[in-house]
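Got a structure for you, written out below as structure tokens; questions coming shortly.
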Amino acid sequence: MNRNIHTFIACDHEYEDSDIVLFGAPFDGTTSYRPGTRFASAAIRNESYGIETYSPYLDMDLLDKKIFDAGDLEFGFGNTERVLNTIEDMTAQILKDNKKPIMIGGEHLVTLGCVRAATKKFPDLHILHFDAHADLRDDYLGEKLSHASVMRRCHDLVGDGRIYQFGIRSGDREEFLWAKEHVFMQKFNLDHLDEAVKNLKDKPVYLTIDLDVLDPSVFPGTGTPEAGGVYFPELIKALNLVFGLNIVAMDMNELSPVYDQSGASTALACKLLRELLLQL
Amino acid sequence: MNRNIHTFIACDHEYEDSDIVLFGAPFDGTTSYRPGTRFASAAIRNESYGIETYSPYLDMDLLDKKIFDAGDLEFGFGNTERVLNTIEDMTAQILKDNKKPIMIGGEHLVTLGCVRAATKKFPDLHILHFDAHADLRDDYLGEKLSHASVMRRCHDLVGDGRIYQFGIRSGDREEFLWAKEHVFMQKFNLDHLDEAVKNLKDKPVYLTIDLDVLDPSVFPGTGTPEAGGVYFPELIKALNLVFGLNIVAMDMNELSPVYDQSGASTALACKLLRELLLQL
Amino acid sequence: MNRNIHTFIACDHEYEDSDIVLFGAPFDGTTSYRPGTRFASAAIRNESYGIETYSPYLDMDLLDKKIFDAGDLEFGFGNTERVLNTIEDMTAQILKDNKKPIMIGGEHLVTLGCVRAATKKFPDLHILHFDAHADLRDDYLGEKLSHASVMRRCHDLVGDGRIYQFGIRSGDREEFLWAKEHVFMQKFNLDHLDEAVKNLKDKPVYLTIDLDVLDPSVFPGTGTPEAGGVYFPELIKALNLVFGLNIVAMDMNELSPVYDQSGASTALACKLLRELLLQL
Amino acid sequence: MNRNIHTFIACDHEYEDSDIVLFGAPFDGTTSYRPGTRFASAAIRNESYGIETYSPYLDMDLLDKKIFDAGDLEFGFGNTERVLNTIEDMTAQILKDNKKPIMIGGEHLVTLGCVRAATKKFPDLHILHFDAHADLRDDYLGEKLSHASVMRRCHDLVGDGRIYQFGIRSGDREEFLWAKEHVFMQKFNLDHLDEAVKNLKDKPVYLTIDLDVLDPSVFPGTGTPEAGGVYFPELIKALNLVFGLNIVAMDMNELSPVYDQSGASTALACKLLRELLLQL
Amino acid sequence: MNRNIHTFIACDHEYEDSDIVLFGAPFDGTTSYRPGTRFASAAIRNESYGIETYSPYLDMDLLDKKIFDAGDLEFGFGNTERVLNTIEDMTAQILKDNKKPIMIGGEHLVTLGCVRAATKKFPDLHILHFDAHADLRDDYLGEKLSHASVMRRCHDLVGDGRIYQFGIRSGDREEFLWAKEHVFMQKFNLDHLDEAVKNLKDKPVYLTIDLDVLDPSVFPGTGTPEAGGVYFPELIKALNLVFGLNIVAMDMNELSPVYDQSGASTALACKLLRELLLQL
Amino acid sequence: MNRNIHTFIACDHEYEDSDIVLFGAPFDGTTSYRPGTRFASAAIRNESYGIETYSPYLDMDLLDKKIFDAGDLEFGFGNTERVLNTIEDMTAQILKDNKKPIMIGGEHLVTLGCVRAATKKFPDLHILHFDAHADLRDDYLGEKLSHASVMRRCHDLVGDGRIYQFGIRSGDREEFLWAKEHVFMQKFNLDHLDEAVKNLKDKPVYLTIDLDVLDPSVFPGTGTPEAGGVYFPELIKALNLVFGLNIVAMDMNELSPVYDQSGASTALACKLLRELLLQL
């Protein structure tokens, strides 16, 4: 009798054989408004059996890929720095073994752990960021390590001109002012992505997708829904552009499954993850 | 004092006087993922009192139509063939009386019962199929009678070139390959419907609408939500095209009301059913 | 220690200093279908702390405005006329003090209380009305004071040609017929709003937004969701047009938070209210 | 083909043949806190097919009774007096035909309509009242016709010493003081019911059961859950005592199905209604 | 890096080393009323990490036991007999290896698969049955293999006097009459369990727990909640009695997690399963 | 016009005049399983208008008490120590002004902030603790400041023999062993509370009520529901005993309103808080 191995659909290869390594980071300890993203990676694995391995968008099949699903990292809540260290260690290990890490959040702060590891291996790292929120605060109610500050902390590591933000439609005034000096920010939509892609050609790119970049109508299952977002086909099309780049690591975050009891948000996240895995 | 007769709004005519006969097929016994469509027909009747009988789209009113609502078929769960027989008998009776049957599912497999009856009366039957899923598997985990095989079973009855599928965006690789040889399949959207309509001119047409053809944002109340679907006004416009054809019977299926606690999915199904009844 | 003052975000100025006065009218006593709008104003205040005070759409910030939040009116249920009187008195007081009232419903009938006060101060009042429903019945099951009759009662006060309706996609046949003679009605969408705006130039305008004008996909949290509605960016754009007018008072109504457990509807209402307050 | 007659399970006899007449009063227009009881009677009919007609408690079967289900009364919202008149007329008709009326609320105020009719036929009417709330306010925020005043209005009709209340655990101080002079009130539980039953021997008795007399753990589906209530077996046992009396009419009210998404509250209400019908 | 093995908490031993083998049977294909038990075993595994491995009731710890969790059986829906065969094969294999099988349903019919295997190895098998429902119908709407007939089918295998039922409070009249002749049935509660235990001394016993034996207040997460059930401490106490017997196999069924969004039902099932595993 | 002051019902006195000061601590940052207690204090204030100010249990009325509601403390998430400092400062201030603090959590760890302040003023502080969980771990996944360690941290401050625990029914083996040496622990129920009360006579007592001490049937709205708990009338009775003591400060925590969509848990918490305030 076999043990009950539980993976995202079709991601059941051996670590050694795999090109891509998937892992979950079920942390939402700095979420200020509505928590719940800690449940995302488990939900995505469970519900992945409701989608197909085959993508009619790409005419590709997960059954043809070699992917290892490492399950979820385990961390206590209450010490943010320790959480980030665990994520960084995991990412560094995968990168060292010349595989591509793909992390499922959790809140957006988990990105910082991956980016720390990635900048060590790729000092010239650039970041491509899809999100409704700028996440550029210097601190949030005094905390430097916060979901609302994550891109600012990433900027501390990569510096000016290396972060490209798309879909941004919420933030305080200071974030929008600061952005003008330090990052590329496309407000409201994904226009001009082709130009960003040109700029990023030949660079090592970290891709981070905060799923709340999507319109709440197609993705209500998130802590801070922001009306006026991007639709699924637009995002799929954008990813086609993006995957011509040298993506060295990536994450998808901010699904909070409990807020969408229809399951449509989790199903969308599963489908998007399939498309990401097929193109990575 | 009058008995409590419970119908879809304004469908309270006598059977003999009616041109259209509505009935429910509350079966979801082969649903592999998330059941619940068995509750659709009751929900649609209950919530139909939240919509108007008048359509501003068509400037027509249900009060001017003669429709009989026969309530729901009753079946035990556990014997799929017996369920299909009950549906076939009901449909055959209505067709024999020269009325138009319209069935509310239930899962999509219920369509097979109607199509069996319809092909007996109309040997040249063609099928127009709106859906997110191809439903063209030869079997599902060994079962030939499955929601995932329903169009393949219909193909067994009508043969090549008689099935026109629109909006398909999910299936396994084999289904998409098989489709190329045997059916017309429009992926992702409703484009080229006008051409299909031209081909179907003068044919007896069975219309089957799996409501998950709609985008989950407008229709989350279904078992397997598939991002990237069709919007309500597109579907309304498509139906305008379709109803120039000789529709001899039809069904609308896969509403699972429990998955959309806002009631918006059920309300949409009610409104769509009104539009269908007005045009049939 | 300070008292726990509870306002819509950043609306914490003194009454005397304020230009705008916000108040809630938590009444849904004539709602015939699904009640719940009585909870809207409390939900909007609570959840307003999940949005930002800054609008990237307008590059304006609520922190720069002077707004007083008076909390909710208190009324017993069961006597509709008394409720309307309470609303009228409140509105009249604010208008008398030369401030702009903005009311959060509640069902749509609450609009009548404000309009009564506004027509007394502005006899030439015109009404701009966004809604899915015509609300033009002369009575509803015998009741003259009903959510389904509110615009007809407003017409009793302002007369022919003074009401402009947009987005209407539901009503009975008589309402649509009556509308042709007495009001301007744009069915289904916001087309021709620019023309209406031209006509309304230099008039005192009352703006009433029934949030169900929005598509249920972006706003499922309402009692009677009507498929085929307006999207958030369209509404935002429409408001840009509208706020060139002389808006003397306004309301936003028909959020029923309990029907959207994702919170996306309430979040949208908060964001829309911010945009309204910034432009008023 | 038969029309779709929709009744509480097994209550499908002709009016003329029946001893008991069931009807729904879907009104919650004076509910001050959380509405929703308007949906109770429809939910009870729908879900009654999940229970059995046979009671192992009584070894009796609904199939052996003659009961007519008249469906729901229809009323507009906004005019409380008119609603009460409709209920009174219905009750009077049933009583005139020498049948026993049993009404499903709706909020508790609907009881007043029945009691008005019953006191006309039975001037010596006594009232047996199970409830968490005293409902003895003289008015509620100025309204004399309110769910919170219903027993006070009944007292206006029947006078001192004729109302027996059980299970009461909530009210304002004045209600409890007033009760001492005018009614029999058993606080918190059903103790001393046997003594009340002795006093009521040979009297015409109206029985009104506000389902919130039950503990919220067994009956969360109600607008104002009050911890510390009665359990189901206690209530069943109490009813055994009660049905030795001359019950001339009765009602069961305050189920608000939407607040208990498990369906357990509605299922309990169905089962309790079966027990009531079997013993009436 | 390790594979993501997913088990009930602490049931992560090798098959060969284990005394007990846990598996899930996610089938609800004959459920006539509200489906959903197919999700129970996955929910129980997921939520088991919210309970402790240590039982203060027994002062025992799962960490000291050797249990293998084989995951869930996989079956298509639509062919009940095939499902039962799969369950029977699994059970037979475990029994052949001299381990104790414990199955998590699914609907109650899954018990039949286990009992078929168990009677082959233990021809003198007796069955101890906790349930709200008798499940003694000869067929349900014509289906012999139905959740409502499962104990009748078991009786076909074990014969008169071998089935002991406790807590039964629902069924049709015929079931209760039939029971008098063929099984021991304790209505409503667990009284006389000690006597049954005496009778069962030295017999091979199959224990089947339909979780709806519990009161819906403590266990609302089930398809057919029946008021008036057993409380958790009573059930725990009963199990203490039972585990003096020679339990050769067992199951726990009818959790339908979706109907209890608080998670309390699933948490209770996890805790109960811990107590069962510790005592088996 | 008055500002919208938002308090627990009837707790609207001035700080200077008040004997009791209520405040919220909306923190759940170390919750390891299901977060959500951060929403408790807001929910309790909102829903307090659904209960009465009068207690029929005590024949006392909140209208006769002088209580100030200070609203909620504000803290960022991510730095547990800073949160505890904020709570400690608030508590110290209230104690310094010779008023009694009563805090609404939040997760149980918030208790530590209050206890730190209370031990400074009352070095002989004893703690009376109602809970399902022992909360006696020395650390949780490496974190010393955790909801699962809170009573252990309190023990660090008060020492052996000063903590009395009641209702405990969950923990790991080590916690139960450690408890034997260092605290008084009553497992499963509230027995022997009278003896504890005798021991605590004349001591300054801190009372902390983790609401999950209640059975999940009466209180499902909590993160970690533990079957087999205490019922509401038992807890009310226990509090009658307790309030003969010298309670110098107290808290009530672990309501997670989102997990009980019926609102019954929040309503119970409101009622319990009323009883606590009346007796403090």
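Here the chain labels run A, B, C, D, E and F in written order, and each chain numbers its own residues starting at 1.
Quick note on the criterion: a residue touches a chain if its C-beta (ideal position, glycine included) is under 8 Å from a C-beta of that chain, and two chains touch if they have at least 3 such contacts.
Computed from a predicted model, the values in this text were never measured in an experiment.
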Exercise for the section: Find the chain most remote from chain F, comparing centres computed as mean CA coordinates. Expected result: B
Exercise for the section: Compare the contact pairs of A-C with those of each option in A-E, C-D or B-C, and report the one where over half match by residue number. Expected result: B-C
Handout entry: Distance between the centres, which are taken as Cα means, of chain F and chain E, whole angstrom
Key = 38
Completion exercise
Where chain B touches two or more other chains simultaneously, the residues are 215, 217-218, 260-261
Handout entry: Overall pattern in which the protein chains touch one another (line/ring/star/complete/other)
Key = other
Fill in the blank from the handout: Touching pairs here come out as A-B, A-C, A-E, A-F, B-C, B-D, B-E, C-D, C-F, D-E, D-F, E-F
Fill in the blank from the handout: Listed in rising order, the residues of chain A that touch chain C in the complex are 33-34, 168-173, 176, 187-188, 215-218, 220-221, 224-228, 259-261
Exercise for the section: Using the touch rule from the top, collect the residues of chain E that touch chain A in their complex. Expected result: 1-7, 15, 21, 42, 45-46, 68-72, 93, 261
Exercise for the section: Going by the contact rule at the top, pick out the chain E residues touching chain F in the complex. Expected result: 49-54, 56-57, 59, 61, 215, 217-218, 232-233, 236, 260-264, 267-268, 271-272
Completion exercise
Listed in rising order, chain C residues that touch chain D in their complex are 28-32, 35-36, 38, 74-80, 82, 140-143, 145-146, 258
